[in-house]
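Here come two complexes built around chain A, the first alongside chain B, the second alongside chain C.
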Partner chain A sequence: MDSIVSIRGLKKYFPVKSEALFGKTTWNKAIDGIDLEIQRGEALGVVGESGSGKTTLGKLILGLHAPTEGTIDYRGHDTGRMQSSVVFQDPFSSLNPRQTVFDIVKEPLESVRGTRRGQGFRQTILDILNLVGLSEEQMFRYPHEFSGGQRQRIAIARAIVAKPLFIVFDEPTSGLDVSVQAQILNLLKELKGNSDLSYVFISHNIGVVKYICSRIAVMYRGKIVETSGNQELFDNPLHPYSQHLLSAVPVIDETRMSKIIEFEAKAADEAAVSNGCIYYSKCPIRRDICREKPPQRFDATEGHSVYCWARELDQR
Partner chain B sequence: MAKWLIRRFLLLIFVLWGITTLTFIIIAAVPRNPAIAMAGSQSSPEQIEKFNKRWGLDKPLAVRYYEFYAYLLQGDMGTSIRTERPVALEMRNFFPATFELATVSVVLSFLIGVPLGIVAALKRNKWPDQVTRFVSLIGVSTPNFWFGLIILLVFYYLLGGVGPGRVTSAAYEPTRITGLYLIDSLVTGNWSSFVDCLRHIIMPAFALGFFGIGIVTRMMRSSMIDTLSKDYIKAARARGLSLFRVITNHALRNSLIPVLTVIGVLYGAYLGGVIVIEVVFSWPGLGNFAYNSILKSDHPAIMGVVLVISIIYSLVNLVVDVLYRYLDPRIKF
Partner chain C sequence: MEEKLLEVKDLSVAFNSYLGVAEVLDRISYSVDENQWLGIAGESGCGKTVSAFSLLKLLPEAAMIRNGEILFKGESILDKSEREMRKLRGGEISIVFQEPQSALNPSKRVGENIVESLRLHQGIRGEEAKRRAIQMLDLVKIPQPRVRFSQFPHELSGGMQQRVCIAIALACHPSLLIADEFTTSLDVTTQQEILKLVVDLQRQSTMSVLFITHDLALISECCDELIIMYAGQIMERGKVDRVFRNPSHPYTRLLLNAIPSISRKDEKLNSIDGSVPGLVNPPKGCRFHTRCKQKIPGRCDVVFPRETAIDETHRAWCHLLYT
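Let's look at the complex of A and B:
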């Protein structure tokens, strides 16, 4: 496996202006030091609660934000192929209302092939539309004539048509009806198949990520706390936050119901958090070292790394 | 679309009927006799009676109201009491000057306001935005007669540029085809005339258009900011489309709709509210004609001016509505 995107020490701070006239500007650390590789052909899931920086990470990878610090290296780019594309959550804002479906799907092709003439585009576009489940007679309609699920199909067609290296999906099913969600997820899984296209799949819904992704990164307050293969994470979550997150997934299984990990934030001074581990104040297995030093990456097994002192010290 | 157009035109007739009726009532209600205004306050009762008889002012109001429409349907707008020429002819003489001035002002508002708005939106809260917002605030809040006087003072009196009027002297007047000097001089290839007309129209057009520049800039800025926050813009950027192409292909047309509304209203306001600027700049247009007609209580002329301005205003708004359809396929008639 070769990596197509390599992220090193990535930080993104947003200024938060104080209400006071000469108030100090504080910083919202949306992304606070992330290392991550995106492999060719993998479906990488990014999960975390809202405000954990998932969407910001996606935008940084797409180049929609400039990083405050750190680097993102893009490799494996060949011409005639688009670097990246994106599918957003809200299918009502993500399509230009004054373009027909044909124009929407045509544009990525034009920018890749560098031509404005529609030579041979028609068949390509028709194929893609059929692939995502739209028909020929819908080709010259406008977005407002479609339902949310259909619009999301159009957005997906636009994202895949120019064969990008990777696609960022930012909560692509969260805005849809549950029945439609399943259709879209199946479509995404089908489209991925065994191709060398990479997915970065951002979601707060662990079930969705489990269904689509081969590898999962768990984010908490601007940091990645654990990365692991899909099955490994569900079988053997190492970081206490991952455990908490997974235990919150509703399962129709009475024996597991009781196992939801209840925890209360232990009264810890928040100041300690700024130096040590971000999860310190809530952590059920914290040690003294967690207060002083931020945890380093610890590879528990091949392809399963966690940022947790307790796990590292236990295994030594 | 055709059905919609027919409906709009039928509606237009009702609007025009309403406006002219209102104007007729207002003129009738104003206790001012054109005879006094024209013949002077020293004139004898016989003179006034003769005057009233000559201009049909002795007839009952209902008859005069009926006659106005009866003649209008035959294309006769009556005869101006002040100039003693047919009102229709006066309209043909004066309207092109106003139309030209208002059009140049609207074009200026659009050509300056839209790019300024785009720049301000792209550089939001940075210095280009602050400067632009300040300028547009001045544009919106400056009364245009005052601004016109300042322009005249600086560029004509102090700097010795071109003076008021449409042309420097009659020698520069182009051969009359449409009455729009800029077009007439271009068509006849009369370059010296074209340059002279252009130099003359810049000052009043800018004085008139400054308000529009301010408003268009503001509308464009806020509309553009709104559009740029949409996901299809981000998606286009994420695909690697350049900022320029994102703006020309996606953002511009979608943010032009509110601007277009403003432009339509502005155009109408310029055509109607051009009076002050035309008087300040001695511009021989409809505004000047209306001003003099009102001073002399020239009833047929006032009716004519109101009618023509109403027609133009309605037509401009009709065109704007048609353009909406082009800009936004969601809008259906």
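Let's look at the complex of A and C:
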């Protein structure tokens, strides 16, 4: 397959200063060793709890953070297309309140084509606005005149206008109501279609990721613990954390409060966290080796890999 | 017929705003039985939280109660004085909010946050209050309750803080717990733990829960009955399994099909065109008519439909259901 972003051994540590005057600085390991490929034309979902490093990963991919260690290789600049763009969660703070919709959407075009003459873009911008469901008379209005859902449409128009290779969506529908969220999700699905545009879709809402994405990566404490094709992950989750996470997602159904897999809270084992598997202290299927060596990537089936010693040893 | 714990009759609430008067609640009526979980669901701005806050008379000054009455154990809440309300709040009726960080007093230790409510409502002080507070922390499954007792709220994680809020709310054995989006700011796994905790605690006592949320799936997991609200009006109410199996209002049907769920296969989501209307000069008649594809011109946009019984407890308010 044709990958457009290739991530190797990526780490991002943030310093946490001690409150004492000459206290020792500790490190918050937001991303702690990630290997990942983003394929051309795929919609990759990244799920995980808050603090698992989803957003940091998105920012690293966009080049908004410099990695502490590891590399991110981008391919396909030679096509003359814009590399990447982004849609953030909050459409109230991600649009410049003093620019009209026209100016907001024009900016990426100018930066790609290196020209400052706006009027030539008028038709391009109009087409894009129509595509995301906005009309011509809304073109010269300001963001405050729009509702949350419409603002997110403007942000999406800005993201797609210069035909990027991939777009990072960071919780794009979390601030929206269910009925409006469905409009935006359907729009994103339509825009993607069968084009070679790739999505990196970050969300804590697993239902949303399942609807949009073709492949899903599950993150836990700065690491990817499992990657799998969309339906495969729900039919056959392999990592115990993925199983726990999926079991906790509420579903409309009449058998109530019966699904959650309860784990005994075990005391955190810091030695295991630094040497072995990050999930060791909570893991119901842990082995001795999990405490000493970090799990390696294990391909259970084609396109479904998991970082878990127990699964690997079971299948040997 | 057994007496209802709570009855809300024809309640209308309006807010003064700089745009004009917003009609936030439009003649809503519902009741809560003893030992019942009632879910109130709806999108933002539909009046879920306002209807809960009016039960405690916690509405801001701009709010005006236009019409209606609220009876709690047969007594009218709207006629009570502020002093009487203070006894009721946190005693007979308690509330758990969405954000535990802002619900706890950050300058007081966790234990003092709980002891305060015991002292005010039950006059328990000193060692006895401390013992009870630790007992409550243990009840909500906080590990090492003695250590946590003397820590400050910021030293606890969001899930642990919400457990403390639940401990405070339950300390005086309320008969009604209002849970206002109380798991929304938590991760799914923590959300499930907290929800299970409250379900277990409710089963051990005689307490009703009014669960306000935008997440229909959560309601399906724990409530007995639910109310679907839209823009300050009640659209449908009934037993959870009946409503989900046989949604009778067009809005409920659209809403259920708009939720991306992990149990769905790859079918297209049903989006509802437009967005929730502003409540200053709201649409006349049924407020959903501006987004409803099945609206009957001349009726839906003129009068609010009357109640239609689908079965014993299942009710819907829609012109399509009768001719």
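Simple rule for what comes next: the second predicted complex is superposed on the first by the 306 of 316 C-alpha atoms of A that agree within 3 Å, B and C clash if a C-alpha of one lies under 4 Å from a C-alpha of the other, contacts with A are read in each partner's own complex, and residues count from 1 in each chain.
Here is the rule we use: a residue touches a chain if its C-beta (ideal position, glycine included) is under 8 Å from a C-beta of that chain, and two chains touch if they have at least 3 such contacts.
Not measured: the values here are computed from a predicted model.
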Would you mind checking whether chain B and chain C clash or fit side by side on chain A after the superposition? fit
From the CA centre of chain A, what is the angle out to the CA centres of chain B and chain C, nearest 10°? 80
Quick check on the superposed pair: does A:S179 touch chain B, chain C, both, or neither? Answer first, second, both or neither. second
Classify the contacts of A:G63 with the two partner chains as first (chain B alone), second (chain C alone), both, or neither. first
When the two structures are overlaid on chain A, which partner does A:V86 contact: first (chain B), second (chain C), both, or neither? first
Figure out whether A:R98 sits in contact with chain B (first) or chain C (second), or with both, or with neither. first
With the two complexes superposed on chain A, say which partner A:G23 touches: chain B (first), chain C (second), both, or neither. neither
Determine, for the superposed model, which of the two partners chain B and chain C contacts more residues of chain A. C
Should A:G120 be classified as contacting the first partner (chain B), the second (chain C), both, or neither? neither
Please give the least Cα distance, whole angstrom, that chain B and chain C reach in the superposed model. 15
Under the contact rule defined above, give the chain A residues that sit at the interface with chain B and also at the interface with chain C. none
With touch defined as at the start, can you tell me which chain A residues reach chain B in the complex? 59, 62-64, 82-88, 90, 93-98, 107-108, 111, 142, 144, 155, 158-159, 162, 164, 168
Residue numbers of chain A touching chain C in their complex, please. 49-50, 147-150, 177-183, 185-186, 204-208, 210-211, 234, 244-254, 256-257, 260, 265
Could you please specify the touching residues of chain B with respect to chain A in the complex? 230-232, 234-241, 245, 249-250, 253-254, 327-330
Chain C residues touching chain A in their complex are 43-44, 143, 187-193, 195-196, 199, 214-218, 220-222, 240-241, 244-245, 254-256, 258-264, 268-273, 275-276, 291
